[in-house]
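Both of the next two complexes hold chain A, though its partner changes from chain B to chain C.
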Partner chain A sequence: MATEVIWWIFALGIIALSAGVVFSRSVIHSAIFLIGSLAGVGVMFVILTVEFLALTQFLIYGGAVTVLVLLALMLTRADPSGRAEKVNGPQAPFALLAGIGVAAVLLVAALSTEWAGNTESPTNIAIEAISQRLFEDFGLPFILASVLLLVALVGAIIVARQEEGE
Partner chain B sequence: MVPLENYLALSAIVFALGVYGVLARRNAVMILMSVELMLNAVNINFVAFAAYLDPGRIVGAIFAVFIITVAAAEVGLALAIVIRLFRNRATANVDEAATMKW
Partner chain C sequence: MLFADPLFGLPSWIDAIIRIVIVVLVMTVFVIYSTYGERKLVARFQQRLGPMRTGPWGLWQGFADAIKLVGKEDIRPKNADRWVFELAPYATFIPVLLTLMVLPFAENWGVRNLALGVFFVFAVLGLNIVGILMAGLGSGNKYALLGAVRAAAQMISYEIPLVVSLLCVVMITGADTGNGVGTLNLNTIAALQEDRPYIVLQPLAFLIFFTAMLSELHRAPFDIPVAESEIVGGYFVEYSGIRWSMFQLTEYASMWGFAVFGSVVFLGGWAWPFGVDSHWALQLATTFTKALAIVVVIIWIRTTVPRLRIDQLMNFSWKVLLELSFLQLIVNGIILYYDWPQELLALTSAVGAGFLIFLIIRHASARSTKGLLGTYRTLGASSS
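Our next item is the complex of A and B:
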């Protein structure tokens, strides 16, 4: 019972904060709403009893990604005077239609499907089980993902670097 | 306990909000933030499926690990490109950088 109350509080919180991200007029407010929304998803992982992913979520999204986004916002301030700029393009009403359409299709598909198996309560996924699957059966994708991360970060440094004579 | 469908509905709503943000926003960093919302909605789905329907093989949880990794790489590289764009064009709005000409 208590789990359900907590779930609803955090689910409505995630939806409200995500709406704040996409409807807020200020980029900084959007970034702060994003931090809350990502932390809420981490709490969802805790309620799903997948502790490893909850920790990863808090560390990588709550820490690293949001700091990167805030730094990028700081470095790309077009107008330091804070003049109100148009945040949405002229296509925004059609984007709203597309969003409502996507939501309708996904909700109908998810709620009308008969899921095979236990849909009542989650099973705890232990850290040991995840590490065993990750290192035994998904070893090659794991190594490839680390190479991808290395290449992307080196590429990011090269792209953002100040060149001679600039 | 919370049934699986609740997670699916939550994920669908957050994903649709992300779709709206990607399509409507002008600022490239805002578009990236909306992409992060969509990736997180997908992660909720994967982890919920792993914990409810597939606790023996947990492929969904493994997928979520890879999504988080690739999302981190994506956000780092994309923000470097945004900073580059801002240095060359003095704007971070995608509709002012539509010519593919430097």
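Our next item is the complex of A and C:
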């Protein structure tokens, strides 16, 4: 019962914060609402007792992706005071269309999938089990993914690198 | 999740609140007295007396400062982004407070005993940057913005060696637990060090951890984000009164958190040298002594080493610490996979630590170098 109340509080909070991302007039406010919304999703994972996923959510989306967004905002805009500016352009209807499309696909996928395990009272999965699956059963795909990331990293450095004498 | 039984058989959430209050009170006392202790120590290093007027030996100085700060006017610049500016101090403080929740201060004594303790600490600490960026962006001040960019760049860079050096220790716990599976639980990590602390096996990892910790805490010589002679006061330059003291509280609280965390992971926490069966008061005293030793070394370094330049700082992280930490990880992996004796771990790591110290001393004593730790030019040399 208590868990359900907490679930609803956080669900409404996530929706409110996500609405803030879309409707706030300043890009910086949007980015900060996004952090809150993603952290709320992390709390949802805690309620589902998947601690590892929750912490990964905090680490990747809370600590890394949104910091990247904020840094990009800082470096690309001349005015740091976060004053209101026009963020809607002629792309707005297309963005709406894309948003509805993604939401529809996700909803259909979520509703039509036969979920494994007990969805009413989820149980915690030990970190040992996750790491065994990741590093032993799916070792090769894991290594391939890390090689891909490494290549992307090296590529980004080469693109961003200042040439000698420039 | 829970440590043993709740105190006095209370419901677990009341028990949690009591534990949080105790941990926060200890943290507050530490913050008040570490500002006093820092001023006293720095004064000693500079042949001064430090605060002497408030109370015997100036012992009430911290409280006097706290009262003064609370009484100050809370100024918000006209140009500031109101909500971002006002919420930033809380956004920096909450992650630090959360890390204190998983630290074991004595055997089975902390707020919560998470199976993923180590991962929790660095996952939550990453959120700290968001608050600093909020302060920089919300102030509407170029100095604050520069300070926030510097802080973010520095903290992101040093987080990688920090995490990898912790992974090195977590790998070794796999050899100690007996079933070959390592642990991320801080309480178990401390208990596994009953015979020898992991600093003996991993001196290089400890050095990397300590350096990265200085950088994450913005302590000298890595205090570039708050360098008062370059960018006035860093990301919190526009804050005053209670909000400014929130930032200061965050700084010292995270120093406390990191000191306890480092003493648990590397120095044996409550278990070494008195063993896991010692009295809880002794365990508590052991943890506190180790944590305070780390704090004293941090202050000592502040008075000894001059501030680095931003390019030297970045070079040191990406070209020295990152490589050495990965090397340590790979060497550990090989040794542990073939079940070679643990003395070999200590030996290889000590060689690496020696190499790191040699590198630092060589670059610090050279008059003009162009190498791993950045470019130094003597005065008058032409810059292209």
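Operating definition for what follows: the second predicted complex is superposed on the first by the 125 of 166 C-alpha atoms of A that agree within 3 Å, B and C clash if a C-alpha of one lies under 4 Å from a C-alpha of the other, contacts with A are read in each partner's own complex, and residues count from 1 in each chain.
Heads up, the rule we're going with is that a contact is a pair of C-beta atoms (placed from the backbone, for glycine too) under 8 Å apart; a residue touches a chain by one contact, two chains touch by 3 or more.
From a predicted model like this one, the values you see are computed outputs, not experimental measurements.
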| item | value |
| --- | --- |
| Partner chain(s) touched by A:I143 [first = chain B, second = chain C, both, neither] | neither |
| Touched partner set for A:M74, first chain B, second chain C, both or neither | second |
| Partner chain in contact with A:A16 - chain B first, chain C second, else both or neither | neither |
| Touching partner for A:I32 - first (chain B), second (chain C), both, neither | second |
| Larger contact residue set on chain A - chain B or chain C | B |
| Touched partner set for A:F58, first chain B, second chain C, both or neither | second |
| On chain A, positions contacted by chain B and by chain C | 52, 56, 64, 71, 73, 75 |
| Contact set on chain B toward chain A in their complex | 1-27, 29-30, 32-34, 36-37, 40, 43-44, 47-48, 50-55, 57-59, 61-62, 64-66, 68-77, 79-84, 86-87, 90-93, 95 |
| Contact footprint of chain B on chain A as seen in their complex | 3-4, 7, 11, 14-15, 18-19, 21-22, 27, 30-31, 34, 37-38, 41, 44-45, 47-50, 52-53, 56-57, 60-61, 64-65, 68-69, 71-73, 75-76, 78, 86-89, 91-92, 94-96, 98-100, 102-103, 106-107, 110-111, 115-125, 129-130, 133-134, 138, 141, 145-146, 148-149, 152-153, 155-157, 159-160, 166 |
| Partner chain A, residues of chain C touching it in the complex | 79-81, 83-84, 114-116, 119-120, 122-127, 129-130, 133-134, 136-138, 140-142, 145, 148-149, 152, 156, 181, 184, 384 |
| Complex contacts: residues of chain A adjacent to chain C | 26, 28-29, 32, 35, 39, 51-52, 55-56, 58-59, 62-64, 66-67, 70-71, 73-75, 80-83, 126-128, 165 |
